[in-house]
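Every chain is named by a letter (A, B, C and D) in the order it is written, and numbering of its residues begins at 1.
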Amino acid sequence: MMGRALKLTIFGESHGESVGMVLEGLPPGLALDMEDISQEMERRAPGRSWTSTARREPDRVVIQSGLYQGKTTGTPLCGLIKNTDVRSADYEALRGVARPGHADWTGHVKYGGYQDPRGGGHFSGRLTAPLVFAGAVARQFLRRKGVAAGGHVLRLGGVADRAFDPVLVNRTLLDNLREMEVPLLDLTAEAAMRQAIRDAVAAKDSVGGIVECAVTGLPAGLGAPFFDSMESVLSHLLFSVPAVKAVEFGDGFGMADQRGSRVNDELYYDRDGSVRTRTNHNGGINGGLTNGMPLLFKAAVKPTPSIGAPQKTVNFLEEKEIDLEVGGRHDPCVVLRALPAVEAAAVLAAADFLIEAGGEL
Amino acid sequence: MMGRALKLTIFGESHGESVGMVLEGLPPGLALDMEDISQEMERRAPGRSWTSTARREPDRVVIQSGLYQGKTTGTPLCGLIKNTDVRSADYEALRGVARPGHADWTGHVKYGGYQDPRGGGHFSGRLTAPLVFAGAVARQFLRRKGVAAGGHVLRLGGVADRAFDPVLVNRTLLDNLREMEVPLLDLTAEAAMRQAIRDAVAAKDSVGGIVECAVTGLPAGLGAPFFDSMESVLSHLLFSVPAVKAVEFGDGFGMADQRGSRVNDELYYDRDGSVRTRTNHNGGINGGLTNGMPLLFKAAVKPTPSIGAPQKTVNFLEEKEIDLEVGGRHDPCVVLRALPAVEAAAVLAAADFLIEAGGEL
Amino acid sequence: MMGRALKLTIFGESHGESVGMVLEGLPPGLALDMEDISQEMERRAPGRSWTSTARREPDRVVIQSGLYQGKTTGTPLCGLIKNTDVRSADYEALRGVARPGHADWTGHVKYGGYQDPRGGGHFSGRLTAPLVFAGAVARQFLRRKGVAAGGHVLRLGGVADRAFDPVLVNRTLLDNLREMEVPLLDLTAEAAMRQAIRDAVAAKDSVGGIVECAVTGLPAGLGAPFFDSMESVLSHLLFSVPAVKAVEFGDGFGMADQRGSRVNDELYYDRDGSVRTRTNHNGGINGGLTNGMPLLFKAAVKPTPSIGAPQKTVNFLEEKEIDLEVGGRHDPCVVLRALPAVEAAAVLAAADFLIEAGGEL
Amino acid sequence: MMGRALKLTIFGESHGESVGMVLEGLPPGLALDMEDISQEMERRAPGRSWTSTARREPDRVVIQSGLYQGKTTGTPLCGLIKNTDVRSADYEALRGVARPGHADWTGHVKYGGYQDPRGGGHFSGRLTAPLVFAGAVARQFLRRKGVAAGGHVLRLGGVADRAFDPVLVNRTLLDNLREMEVPLLDLTAEAAMRQAIRDAVAAKDSVGGIVECAVTGLPAGLGAPFFDSMESVLSHLLFSVPAVKAVEFGDGFGMADQRGSRVNDELYYDRDGSVRTRTNHNGGINGGLTNGMPLLFKAAVKPTPSIGAPQKTVNFLEEKEIDLEVGGRHDPCVVLRALPAVEAAAVLAAADFLIEAGGEL
């Protein structure tokens, strides 16, 4: 469970009956554009684009509750996504095998061996489907508030995209990125990224990357000092996305080598009378609160741990060391599919703060 | 309020009566070593070492509740730290002034002008004093469990220390670091760091840095997939520490350019029969759960926003742009003082998970 | 959402797709006896026994997640119950009508008119189906711990059953009660209760009652002083059950007229060395904590607000006063169906405390 | 910790340094009338009126944080009340003694013997002092919203006061009750109540009672179905008050013997266009939500367990049965002092819901 005013519960296992979510605290009367939601689900779905596996699921969300005549009722919204196209047999051979970089071993310890091991069970990236659904709903709430969120692949397999202009990034750009198969600012990077993935596939290996996101239109003053700081709540959700291993706001680690005079972000009065900063090294956040500038963050996505190359590991049921070589389909790069999940985390955090601050429609 | 099984509330303003904390959920019967706690408080205290301001407070914690005959009772532990040596007059001239990089403006918006503006009020780094106290208590609980935590200044003003060996880092090293005035692995870095600070002082400016921490002795299986992942809970607390703008676990952002085969951390059986990994790129966490290896993370601390150099900004009460030049004492670098707060965040998260998992003494 | 270590979320509307629940925090490895769960669902189901309406739903729970090979995985357990046999047309005529005693008007205000009005929507007693399911699961956990829970109809339509012996009530009795169609200690009360209901039906009216419950086998020391007192947590859940308007523990209101010397419950050492009390006026709870004696409470269930007799009320959409006469089926008494929901509340509270206290299987 | 938008933490032991509270979530800018708060503290203070012990503490609250220039800042408000006039020696003789009706034994089990036993430690009724303080603050917020709360002694030692008129009860009456030393509707009851207490004192015994409270001015639609129902949240807080053993809303247990037609509370349009009910058997709550009518509830307060009469019990440290006769001062009746604590619980719940619903000042 996550959230204060907007509470999200997700459930499900990769090869169970379904995955799904319950979202509590949505304002009543929000008309849900199901077509828009489907598009968002599609961004995350397996089988999409150049980086994904053969497995193909429609990921259709079936609403169970909380929606009446196309609008939210204000009571808990439950959405289910059936698991189809599951080939559990693929995983039988992996009983007791701790795939390096995966949660097989740690999950075994935590759940005492009772966890569903098929396809990663509850640890599966498939659980980001309900997260993305929840985010798609939150995004429609945010749109009503003039808030936009989006992101791009800043880095993939060692290939860099350009970074957002931290002051000028805006809704139009974010909306355009959402329409792109490979969201990039510098379109020329796509070819090299594709090549990096092809190289990894050829080596039965995988690649990681970095996504960069922005949220625009947030009012100043959202968040709180300390435990409910915008960075705290956002990072909490971002690190909930499997494979995310690093998060930074604004210049982030880059700030470490700078001086205060350079990254303090001087304030001025804009022509419309609003307070703004001339630069945005702090990523739109001061003292844990939004300052009205674009909120900016980056998240590192580690290379998919599932690879075809031979690895050494243990079988913890047989208590012996083994040589592992996993056949079948592997996703050589989940960066592109992680992007909508990362965006979902951001919009859920933003919606939570807005609703907490008294956000009717 | 933060935490599930071990709940922490902090309160106070920089120039109010006192700052303090309430810690709920501690197991009963924990003997508190007040001397050890004082030492930990001393690590964070202003006036310490080469990087801090002239202001000097003893930061003595006065226990109000939850302790009887030197041991925790199991009921809420409240500790107060009186605010002394406050010179509020210093701040009168700053009414309505949005110091760049500070929360003056964002706090004004959030609290509608009713916040205590003296010395940053509730946004002040002084609130890390109760955080460090809570951490010092949690640390004593962890010690009973064989868990150690510590860190060092990985980077400061552009000067680098060596990084932890992610596999070999251990309690002895961590304990030694805690005793050092400037915790470093490579002692030769100290002189250059001091020089970087002197240069900043001369320029009426400030410098930032990076701290690296490790927690050893944690059992495998702590944490949970998704919202209660170890990374989620830890980062939530870490970003509660003022000035922290980036967090990474294990190789973090460095993973983005790697391939899975390189960072998956192969598993093996150690001589004592325990499962371990040969490398530790994942920082001791797989699927949001500890794997029994050292837990490793880094946090970026931005350069202190308080600088003496002239800056442009606004006075939001007078609604005009102004030139700002703040006299008086400034801390040119809070990295060293942020370190115990960052460590406190880590030990509080670890203690929370251990107590939740049924951790009696 | 309810609970600390064992968290329950329920969702659904009476005439929506399904009602259901997500239960987080169950220990892994609990074998679920689905036959036993079905029987518990049957106790609550409409169409049961002499007091209920014609509507008949099987209330079959379909597990979506959290169960693998018949045992809990430790990850969120989601169960769905499809809504079938819904005749929404029955309710179309009631648009804007505030049925007295119902939540039509208050729900309209809260949800701004967007709530699902069919069959009471999310306010429907049907939502106790997932609650009872969650309770049936928690009950199986408690059984492993030697804890039993059960209850009987202490009062219905003015007809009284005998009360539990507060010291001697035990598992065998509670188990027997669960098997009875009309759980009573004094079987001779049944005829008069049936008659009271027949009289109410003849008058197109409804009757209320009181249920009395006991939980045996709880260890001493569960609960906490103040906000997490056993009475606080239990009453919170009990008042979540629609139609419950009063709750008392032990002698409850009866204590008000007593003296301390009479209701203090003197302690003694039992032959097995355990501490017990000779009487049990406090209902097994002292200072918010269980004392090892049977936990006892009563809950008042108000007469079903749905009646066929003419009533005066308002149509808040047409903003006028109206005469209301609702045809169709009505449940003249929900006391019997409320009983398993009330028991579910009790077992969920007990399980939450036991799991929080470190309750593995 | 208690509350969602308005979070309350209380701490302290009867004979420790101080008792206190932290209240998070108050809107900024609320001017605190400290004189009014002192009066409220006085209502609860020991030594007040005819029913209390000789011990006399001023119960002065010292604000530590969250208040600036007399107004709330919006950050955590911490208030401390020093423990003075403590005679711990009185309690030394009671080591290991389980006073019947008290939490000595249950607390010993829960805290493993590490609890502070002096004066009941954290279980002491003295902890209602910070609760009443928090309530006094919440009350001032409510006043700004036109909400009033108050109560009277409905029953004491078998002597009855008249009950509130559930429809006509209003702010003026509630304010008057608050000014009375013994809040009663029927002033002639006071003499008989005093006599009941004198009789109990003579018998070295104690008496219980019932308090009845009302909250007026609440808007319709506060609360939620199920777990956040007004009854759930209110009862949770009410049962946090030591000695409360029963709670009912509206007619409560009295509803059990009624028919729906009699207690459904028919609705009508008042002259000002507002929806009201002609009767108020449901105590101002339908479906867990306020309906705009006065909110009404009663709470039973058990006779003080501390009595001078001889009792049989156990010494759990010496593991033997003993005869107990406690000398010294005893409060023969805490009903009067429980009343402000019960009112505090009600106003805190109401304020929490109002703030959650977006309640600025």
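The rule we apply is simple: a contact is a pair of C-beta atoms (placed from the backbone, for glycine too) under 8 Å apart; a residue touches a chain by one contact, two chains touch by 3 or more.
Please read all numbers here as calculations on a predicted model, not as lab measurements.
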What is the touch distance from chain A to chain D, in steps?
1
Looking at Cα centroids only, farthest away from chain D lies chain A
What whole-number Å value describes the gap between the mean CA coordinates of chain A and chain C?
39
Taking the mean of the C-alpha atoms as each chain's centre, how many Å separate chain A from chain B?
26
Can you tell me which residues of chain C touch two or more of the remaining chains?
1, 10, 75, 110, 122, 225
Could you list, by residue number, the parts of chain D that touch chain B in their complex?
1, 7, 9-13, 16-20, 22, 24, 28-29, 62-66, 68, 71-78, 80, 110-116, 121-122
In their shared complex, chain B is touched by residues of chain A numbered 1-2, 8, 10, 98, 100-103, 105-107, 109-110, 122-123, 127, 155, 157-158, 200, 203, 205-210, 219-227, 229, 231-233, 235-240, 242, 244-253, 255-269, 275, 277, 282-283, 285-291, 298, 300-307, 309, 311-314, 316, 319-321
For the complex, which residues does chain C have touching chain B?
4-5, 75, 225, 356-358, 360
